[in-house]
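Read the structure below first, then the notes.
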Amino acid sequence: MVGPAIGPVRRAFAPWNDPSAKPFIEFRNVTKRFGDFVAVKDLSLKIYEREFFALLGPSGCGKTTLMRMLGGFDEPTEGSILLEGKDLVGIPPYRRPTNMMFQSYALFPHMTVADNIAFGLKQAGMPKADIQRRVDEMLTLVKLEKFARRKPHQMSGGQRQRVALARSLAKKPKVLLLDEPLGALDKKLREETQFELMDLQMNLGMTFLIVTHDQEEAMTVADRIAVMNNGVIVQVATPAEIYEQPNSRYVADFIGDINLIEGKVASAGEGGTRLACAATGATVETNQTLTAAIGDEAWFAIRPEKMRISRDAPADPSVNALAGEVWDIGYLGDVSIYHVRLPTGATVKATITNATRLVERPISWEDKVWLTWSRDAGVVLTR
Amino acid sequence: MRKGQSWFNTTSVALGFAFLYAPIVILVIYSFNDSKLVTVWGGFSTRWYVELLNDQAMLDAAWITLRLALLSATMATILGTLAAITMVRFGRFLGRSVFSGMIYAPLVMPDVITGLSLLLLFVSIDIDRGFWTVTLAHTTLTMCFVAVVVQSRLVVFDRSLEEAALDLGCPPFKTFFVITLPLILPAVVAGWMLAFTLSLDDLVIASFTTGPGATTLPMKIFSQVKFGVTPEINAISTILITIVAIGVIAASLFNKRREVERQKAERLALQG
Amino acid sequence: MAAEAKDGSGRLRWLIVAIPFAWLLVFFLIPFFNVLKLSFSTRARALPPYKPVFDFADGIAGFFAKLQQLTLANHLSLFTDPRYVEAYLSSLKIAAISTVLILIVAYPIAYGMARAPREWRSMLVMMVILPFWTSFLIRVYAWIGILGNEGLLNGFLLWLGVIDQPITILTTDWAVYIGIVYSYLPFMILPLYATLEKMDDTLLEAAADLGCPPIQAFWKITFPISLPGVIAGCFLVFIPITGEFVIPELLGGSGTKMIGKTLWYEFFNNRNWPLASAVAVVLLLILVVPIVLFQNAQKVSEAK
């Protein structure tokens, strides 16, 4: 779904929009079967140089298998994987210019931190003095200079994670593969490390491919995200596009919180779409251009924070609006989530940012309220 | 019911251990008995140990048994480790169920059957029976024990360690020697020790498969024991028990020290 | 696996499988078929002491001619001669009774160990294993001095005044049972301890909370949970006891009939190799059922 850039743009870097750009990594019609189980189904994907690319999906969706095929630990059953235009199929992992940071870190427990980092360099036959220099450089990079002589079990989880990172970066791989790299860290440390990873990737100018099931992590670090399900890619787009313009109910539902309202297309075409929703007893109007026939099944997807909640009926009767009663309130501190019961029995979620500390008369349980939203607040999905 | 000491639990454990250890303790005490009669205490003496030292046949048997155990345990460790790798790593292959059957069956197979079948093999291929045939027999039996011990370690081995080595450019064969083997070494050593003791201990299989000039210590002891208790046998038993006890206690102390060091390291890690 | 094949490590992989496989085939599986074949042969006064002896020089016709000399007589005699039937039945009986005895003795010990203070437990386990590392033969031998007519046990009982003349224990089935229970006890304690130690204490607290008194809680909670350990332990001792030779030979008397002993005597004393082979084949057939059951039980507990 290529469209005008929406939401915050991290930097002016978007080779995927440039038709002349050569892909750095390319999966071509890759299928991977384990016995009867199809882990990856006829998948094609292009990743560009210096990109921070995330594979996101629930466990068992094939994201790890896809990454392992790039690392050489699994071979595709069909299709080819290209790096800088060269087919990698058949090349064993120890001859590939990729390095991987493992979910378990896989630090060699019988070697010191320095020996762990030096391991790959030794395999490459680098002279001793150069190895020493490179190891010191890597230790400085991950701020573990004082820990060179320690064994992995003598370090904390966060430190181990940095050793694993240093080890996989030491050989200057063409692509760094990160398999759930922050999964074992606690929430605070994970968030800090996400920003460190982004800085590192930017400064080193390397291509990073991360596998994660954590949508916030993917949204934070990645230039683009591929959302996977059952061995296929459902959507590839920037984090903002994924969030604001999901191409399917699956993606909309997987990322963040959303209201999905079923309806039938009342009118479609240039200039807007109208969707008659039996569940809410109202017709939703959007500016979206949709190619669908009248009467087709479709879903209106709107994020709770895109709805305004108020005690007063909207002044303009043409705006999208629903009347209901407050059924439940979840107070989360920064925001409050309101569950509003409609006369039809359906429940719609709306959030309010608690911007002021003291509200004179806050909206409370059983209050009659109006929910309103603009014509571009949500999207109509046909699958 | 809380976890803790009730009189019932304490008593049953105490009685259980008394039952397990009393015969051994009595055996050891009577090895220092001056009297030739086992039931009469004739005062403390080490004369049976001296007599043992002059019993050339017994010493020869001990020497043969030791060489046999060293050799067969080493061969069994190599073969058993290969078998464990096969079972854990190679997934399905033709004849896999036959293979795992051949690994597990000897563990519970009565010794008389294993011994008889190996003897008949050696007879039918017409090789001279003696030291080497017993070595082959012991290797066959004990490699299965090694395989099971090493297998249980390999099953919990984190494969990503090997993948990490491959990923960093280390070819598979070298990866086995620099990563896998050092990490499973404790299990391999334990397997070797088990194989060594089993070989040291075996009477039945050795009796079937041996030939002239290769009488092992258990065979020698067995032939004397049939004619009743002799203090000399008590003496050699005491020596064997002492060696094993020292070995096992040393091994467990070593493990304990490693455990303490590991805990120290973890505290260090928490401090950062 | 295309990657590995390219490096010649495919050949290496093949070797890793082939070496132990070939070894076990030659020294374990083929010998069994050899025993099977021999069990159909006839005893002969020759070296080796049986016929027919197959030889490649015979040619195919010779092979078939010799094939006709094979006989079922050995197997039939095992089922018709009461001596052998009795030995098989007696082996199974002794193994079954011993298994129950070992379970009764081992359970309280394992239970007590599992309830011992945490810091003692690994030491207690080591103390159970320690006798296992010392020679089996020596441990059985130790009982000869204790159980004999002039042995320590009789001396002790006489001194207590419980008996006025020595009772014969050695050379009876009693001595065999004591020796078996003693020797195989660790094999039952360890699997029992493993399951009991893993048991969650709060289960008993929950049972008590719901009004179940301790004795009932044992039978309704603890014992069913320890069942996998009980099953593993029973198979682990039953199978080898059935074929036991050393204990009945050293502690039992001429009246103690066990099949391991019968096999040994047929082989070494009577030099009837074909009959000894037939004994082994039938013993194996008897044990196949528990061995298969044991492996299935192991698979089930692994799957959990």
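General observations
Read from first to last, the chains carry the letters A, B and C; within each, the first residue is number 1.
One rule holds for everything that comes next: contacts are C-beta pairs under 8 Å (C-beta built on N, C-alpha and C of every residue); 3 or more make two chains touch, one makes a residue touch a chain.
The shown structure was predicted, so the numbers you read here are calculated from the model rather than taken from an experiment.
The central chain here, found by comparing per-chain C-alpha centres with the mean of all protein C-alpha atoms, is B. Summarising the inter-chain contacts, the pair of chains with the most C-beta pairs in contact is B-C. Subunit C has its Cα centroid 17 Å from the Cα centroid of subunit B. Averaged Cα coordinates give subunit A a centre that lies 55 Å from the centre of subunit B. Centre-to-centre separation of subunit A and subunit C, using mean CA positions: 59 Å. Counting partners per residue, subunit A has 72, 92-93 as the residues that reach two or more other chains.
Looking at subunit B, one finds that residues 171-172 touch two or more other chains. Shared interface positions of subunit C, defined as residues touching 2 or more other chains, are 4, 7. Those residues of subunit A lying in contact with subunit B across their complex are 71-73, 92-96, 98-100, 102-104, 106-110, 119-120, 123-124, 151, 153-156, 159, 167-168, 171. Within the complex formed with subunit C, the residues of subunit B that make contact are 1-6, 8-13, 15-17, 19-21, 23-24, 26-27, 30, 37-39, 79-80, 82-83, 85-86, 90, 93, 95, 98-99, 102-106, 108-113, 116-118, 120-121, 123-124, 136-137, 139-140, 143-144, 147, 171-173, 197, 200-201, 203-204, 207-208, 218, 221-222, 225-226, 228-229, 233-234, 237, 240-241, 244-245, 247-248, 252. Considering their complex, residues 4, 7, 9, 12-13, 16-17, 19-21, 23-32, 34-35, 38, 48, 105-106, 108-109, 111-113, 115-117, 124, 126-131, 133-139, 141-146, 148, 150-152, 155, 182, 185-186, 189, 201, 204-205, 208, 214, 217, 235-236, 239-240, 242-246, 249-250, 260, 263-264, 267-268, 273, 276-277, 280, 283-284, 287, 291, 294-295 of subunit C touch subunit B. Those residues of subunit B that touch subunit A in the shared complex are 158, 160-161, 163-172, 179, 182-183, 262, 265-266, 268-270, 272.
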